[in-house]
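Paired with subunit B in one complex and with subunit C in the other, subunit A is shared by the two complexes that follow.
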Partner chain A sequence: MWKTILRRVLIMIPQIIILSILVFMLAKAMPGDPFTGSIGPNTDPKQIVALKRAAGLYDPWYQQYWHWIVNLFHGNLGESYTLKQPVTAVLGNRISNTIWLSLLTLIISYAVAIPLGMTAGRYEGSRRDRGIVIFNFITFGVPTFVVFLLGLFLFGYQLGWFPTTGTISADASGFIGEALSRLNHMILPAILAGILGTTSTIQYLRSEIIDSKSQDYVRTARAKGVPTNKVYSRHIFRNSLLPIAAFAGFQITGLIGGSIIVETVFSYPGMGQLFVSSITSRDYSVVTAIVLFTGILALLGSLLSDIIMSIVDPRIRIE
Partner chain B sequence: MKKSTKYVMGFVTTAALFSAVLAGCGNKSATKTTDATVGNLKVSYTNNAKTVKNGTLNVAMVQDTPFQGIFASELSNDAADSYLAEPGTAVGGSIFKTNSQFKIVNGGAADIKLDKNAKTATITLHKNLKWSDGKAVTAKDLEFAYEIVANPAYGSQRYTDSLANIEGLAEFHNGKAKSISGISYPKGQNGNQLKIQFKKMTPGMWQSGSGYYLESVEPYHYLKDVKPSKLVSSKQVRQQPLSYGPYKVSKVVSGQSVTYVQNPYYYGSKPKLKQITMSVVSTSSIAAALKAKKYDIAYEAPSTAYPSVKALKDYVQTGQKSLTFSYIAFNLGHYDTKKSINVMDRKTPLQNKSLRQAMGYAMNVDAVNKKFNNGLATRANSTIVPVFDKYNDKSVKGYPLNIKKANSLLNKAGFKWDSKHQYRLNTNGKAFKLVYLARSGSANSEAVAQNYIQQWKKIGVHVTLYHDRLTDFNTWGQIMTNGNNQNWDFTGGNWSVASDPSQMDLYSKGAPYNFGHFTTAKLTKLLNDIDSTKAIDSKVRQQAFYKYQQYMQDQAAVIPTSFSLDWYPVNKRVVGWTNDHANDQSRWANLAVSASSTK
Partner chain C sequence: MSEKILLSIKDVSTAFKINGEYYTAIDKVSLDLHQDEVLAIVGESGSGKSTLATSIIGLHNMNATKINGEIDFNGRDILKLNESEFNQLRGNDMGMIFQDPLAALNPLMRIGDQIKETLDVHSDMTENQKNARVHELIDQVGIPNPERVARQFPHELSGGMRQRIIIAIAIANKPELIIADEPTTALDVTIQAQILDLLKDIQQENHAGIILITHDLGVVAEVADTVAVMYAGEIVEQGPVDIIFNEPKHPYTRSLLRAMPTLDTENDDLYVIEGSVPSIKKMDRNSDLFAPRIPWVPVTPGHPEIKEVAPGHLVRGENWKYFKFKDEV
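Then we have the complex of A and B:
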């Protein structure tokens, strides 16, 4: 297995090189540049040209690419053109915001989805099952931004239970005070996003449990007199987790991707919002860094999923 | 936001539209407002109730992205940063006091004396002006702002040809000189006077925001040890900036909020609030946030939220004429990059001014503003924004909707109707089609563009969209700044202009931002007249502006479409709120509240 993992990691090197070239060229192919938004009667076009030249934007693409790659190997992702800060500082700030929010969202999502999925599968056709299926249709069908806005309006503004904007209160102080304030700011978006994110997990789990119920090994367990609860918790549940495990690697890497909608509605500065705004403002250095970073994580996620699968189901081997 | 000169992109999300549903009505209040209005908005809100001590004020910065947070105007080009810096400086960030039309008057953090014969400006700092660390603001601090702008190592975007009118600044910028020869210190570097030597004097110099000199000041003692290339990302201008205004920054949560407390060294009367917190709020939730009374004032609230917020009885709708106007520009030539001039040489039916005028008269701008801007924009009569009341020529009427007149103009000019195709023919009898380069950006952009295309169809002018769709801002900007793209016939855009009304940078023969490339000898003369030394006499300048606007109207060089209003909802507990630019220096120091929490 270790040999396989090493081989997969080595294969990733040319994949990452190709990815980096594609990312760089696609970013440069976008119309406009980071200074397009600055044009105006009091901004001298000559000054814009000088700044573009200083930033190397007039160099041939391969020179720009080489410069970027060399800096990358030195841990320097460049400067953000619009935020005027080192990209590493910008990403560092946003990634931590996004990871904490996504982690809480994921925990809430699984905490809600697994019991519901199991219940629906176990009591297929019952009122409970129908209720859960309807819940699933609602979470699948309703536009997410409507839910976020209604949640914000009801629990944030009307009832005043949760903060309504940002990641931390302006008056929070001290380590514990700031940590609690951050947690408080995450609860509402995480609950709403977590509940909306249950759809696929519930559906997969329900289908798998229904399938597993009629499998031979279940029949055997029942014939041996294993109590029903134990049949579900020991035999069916573990086997039904396979499709969820297959996605787990991607979901963990997806933690840093962020969500543009939840971040915009709650004015929560995270990666999703940064990615979209950097594309809009043609902030090449940030765009390429994010795409490359998420691309690498996607490759790692795929590997991680395979490893998780092999742990969950010993019959699966990575060779 | 008087110093900002950039395109107004105006993103309005679908979510912002939804937010209108979320707000409702509140409680009644008996406080009064003053009579001065712009559109449906009050310029000032007078609350005579007794103020409370140690009050706090919550301000919403309405935007969907975190703010940049650069507290040095020389290095920032973000509108939000300018607003966020106001309590620590002044409205607009200028050290000079102005009247309502941005003419500089004495009485601010600094006074300026211009000598047209000697071609100098002498800036004198207020004798008690101090930074929030207690150190005096000095002449060197004034000069340091020029160093930041002109030294390329700082990476500022603010260096312009207008500033190069200062003796020695260009040499300093190019690295040929180590100091700026045209800047001197009559009372020494630690004194309170700075003298600037110009190459020539222009009438705009008497206006704030003219761009011929800087109106900001930076703490040299605090920033001098920061490496120039690192200044923009340093904690000194992002987390712990010094200020000279009534309040000083006590905490910055990066991209999210700024908290101000009183500056004990403020040169003016003691500020009245204990704390001010300015926080980012999304466009989609601002109406609900105001309904829940979370904020006292909202900056940059989208016009889509206006109907909901207007219904809130606890808020007064205040505003001011904005420095923004929108326009339609016709592609009549190209920009010669070698000679740096506009050449009006394109073969297009639009060279006929009757066609341009007719297209203006066919536009139903009032209906569009009513439907999509909720009254926060009015039809423009010229390209001189009405905040410059003295220079905006009221006799120039612009192009009010008049289909009959438009048809008459086209008939007289020889654009005959082709009943077979239901469109008009060119004056040479051939069918023609115009390509409209319309920008995307707002949820309403498509509807507005299609509406105008229908209007032009009514007068027989066949218009299609560039590549049959709207064009995103970056592509549009690339086409415009290229200056040689001949695949479009006319476009729409907005300018947020400087607080000097001169339009040399927008429509002169050499202006790269003259996107339509309309240029004639007469226009050059009229623009030169506005900026001539004779026009230092404001009456001469007024007449020059009038003639310019009359000529632009007659030629339909561009079609001015709308003037915008800046809208600020203000909670009724706020005391001392005014949008009158005459109070820009003292607005924040005078603000107070009449209740301990938002009503």
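Then we have the complex of A and C:
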């Protein structure tokens, strides 16, 4: 199994190089340059050219790329134009906020979706199954921001059960106190986003189980005299969870990358929110850093999926 | 072959629900299986062989299946058992060998665990005894290095080895009845012979009764004691294997035997039975269901009954008395 993982990690290296080139090219293609807007309109054009030359903007693209990469490895992603801070400092907290929120969302999503999907698949065609399918239609059909706004209004403002903005209360103290306060700020957006995110997992699991039920190995198990409940737990569910496990890696990166709406509605200072604000303020160095980061995250997600797969499915291990 | 009747099937009919309506897949089948007997059920695809086997071992989806009649196994009518009573029987007193060894094993479970599962359900052996039994079984079905194989996954074994594992699972608790549903169909010819030998050995060792479902008459000739020929969900001819092969009566049996390729004929063309088995939705059970496939023979109205023509030899209908092949007319 270690061979499988090692091979998979090695494949990632060229992928990351290609990704970084793409991100660099996109950044180059964006209108304007670092001096646009930050230099007075009466400055001598010759002086601007001299400044640009000094900054290396007339060098061939590969030299500029190399320069950028070397800086990247030194943890230098440039400076945010609007916040006048290093990009790494701006991103740092935001990234961890988003990762925690996404993890909690994923856990809640699975905690809801897996039992529902199993029930729907096992009792296909029953009243329970139909109820779950209707639930699926609803979570799939309603616009997410409507649910977030309603939830925020009802549980945040009307009932006052949860905080409505931020990640932590000002009066939280101590490690446990801070952790609880953070959890308290995350819980409402995570529950709402988690429930809305159940659709594909439920639907996938349901059809996988219906499919597994008619597999020959299930018939073999039944012919051994294995009781129905055990046939489900030992044979059907395990095999049906395989594709779900394989998707977990993508799911988490999808959540991190797609956190824009939930973070904006709940004024949760995460990456998604930062992404939107830096696009509107044309803060390109931040945008580039976020795009690069989410790209790497997507690669890591697929690596994670492959690792999970090689753990749960003996067929794809390289011996 | 002992005198003790192990399994007695009386007028069993099985119907499947398709779009809210029940269609008869097997119609009033009666059969006896003795201890030590190998009974072959032969017929084309769609003739109801597997449906009959699945009815005996109770693996139909009962939400969409209706079974009438009586199946006495060791004196108990097993159609009256509830699910948990049946589970005690399955894998313990009756074992089933399946057709497709590639699909019949769980891809995510180690071989040893899959064999052990049937011991877990039916025996009160200790963990060590179970492991020893698993190794013994793998060895018994002729696979070398049982300890290693027990730790392997199905995809690491060849088709023939997997079929042996399926057999090991079926015989783990020394069942009195083994149902083998096309056990050699998915295997190549050399492996087929080995598997058949293995089945015969096991039968002699355990004194089990075997129901062997196949469409391969070569297999029948090799291992069976008695033969039941099924067509469109009913038995059309039944008797000891030498009589069925040497003095076949029913036109279907004779057609099947004629369609069997042999080396010693001068004619290179294979005999082909015209048409195909009617679909379950289109069977008219008030007529002779095989008649449409021998159109040159005059049709007798009504549904032909099965009658004993010699001791132990049963044939359906009367048209066998004057049936001739098309090229003989």
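The rule is short, and it goes like this: the second predicted complex is superposed on the first by the 258 of 319 C-alpha atoms of A that agree within 3 Å, B and C clash if a C-alpha of one lies under 4 Å from a C-alpha of the other, contacts with A are read in each partner's own complex, and residues count from 1 in each chain.
Please note the rule applied: a residue touches a chain if its C-beta (ideal position, glycine included) is under 8 Å from a C-beta of that chain, and two chains touch if they have at least 3 such contacts.
Here the structure is a predicted model, which is why all the values come from computation and not from measurement.
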Applying the document's definition of touch, where does A:Asn229 land relative to subunit B and subunit C: first, second, both, or neither? neither
Identify the partner contact of A:Arg219: answer first if only subunit B is touched, second if only subunit C is, both if each is, neither if none is. second
Contacts of A:Phe153 with subunit B and subunit C, given as first, second, both or neither: first
Identify the partner contact of A:Ser277: answer first if only subunit B is touched, second if only subunit C is, both if each is, neither if none is. first
With both complexes superposed on chain A, which partner does A:Gln47 reach: first (subunit B), second (subunit C), both or neither? first
Per-residue touch tally on subunit A - higher for subunit B or for subunit C: B
After superposition on the shared chain, which partner residues are touched by A:Gly166: those of subunit B (first), subunit C (second), both, or neither? first
Subunit B and subunit C footprints on subunit A meet at residues none
Report the residues of subunit A in contact with subunit C in the complex, numbered from low to high. 215-217, 219-228, 234-235, 238-239, 242, 312-315
In the complex with subunit B, residue positions of subunit A that touch it: 30-33, 35-48, 50-51, 54, 79, 82-86, 89, 93, 145-146, 149, 152-153, 156-158, 160, 164-168, 170-171, 264-267, 269, 273, 277, 280, 282
Within their complex, subunit B touches subunit A through residues 3, 5-7, 9, 13-15, 18-19, 22, 64-66, 68, 70, 75, 77, 152, 155, 157-162, 211, 232-233, 251, 253-259, 277, 279-282, 284-285, 288-289, 291-292, 294, 472-475, 477-478, 480-481, 495-498, 505-506, 511-513
For a test of understanding, state which residues of subunit C touch subunit A in their complex under the given definition. 57, 59, 83-84, 86-92, 95-96, 98, 100, 103-109, 114, 117-118, 121-122, 153, 155, 166, 169-170
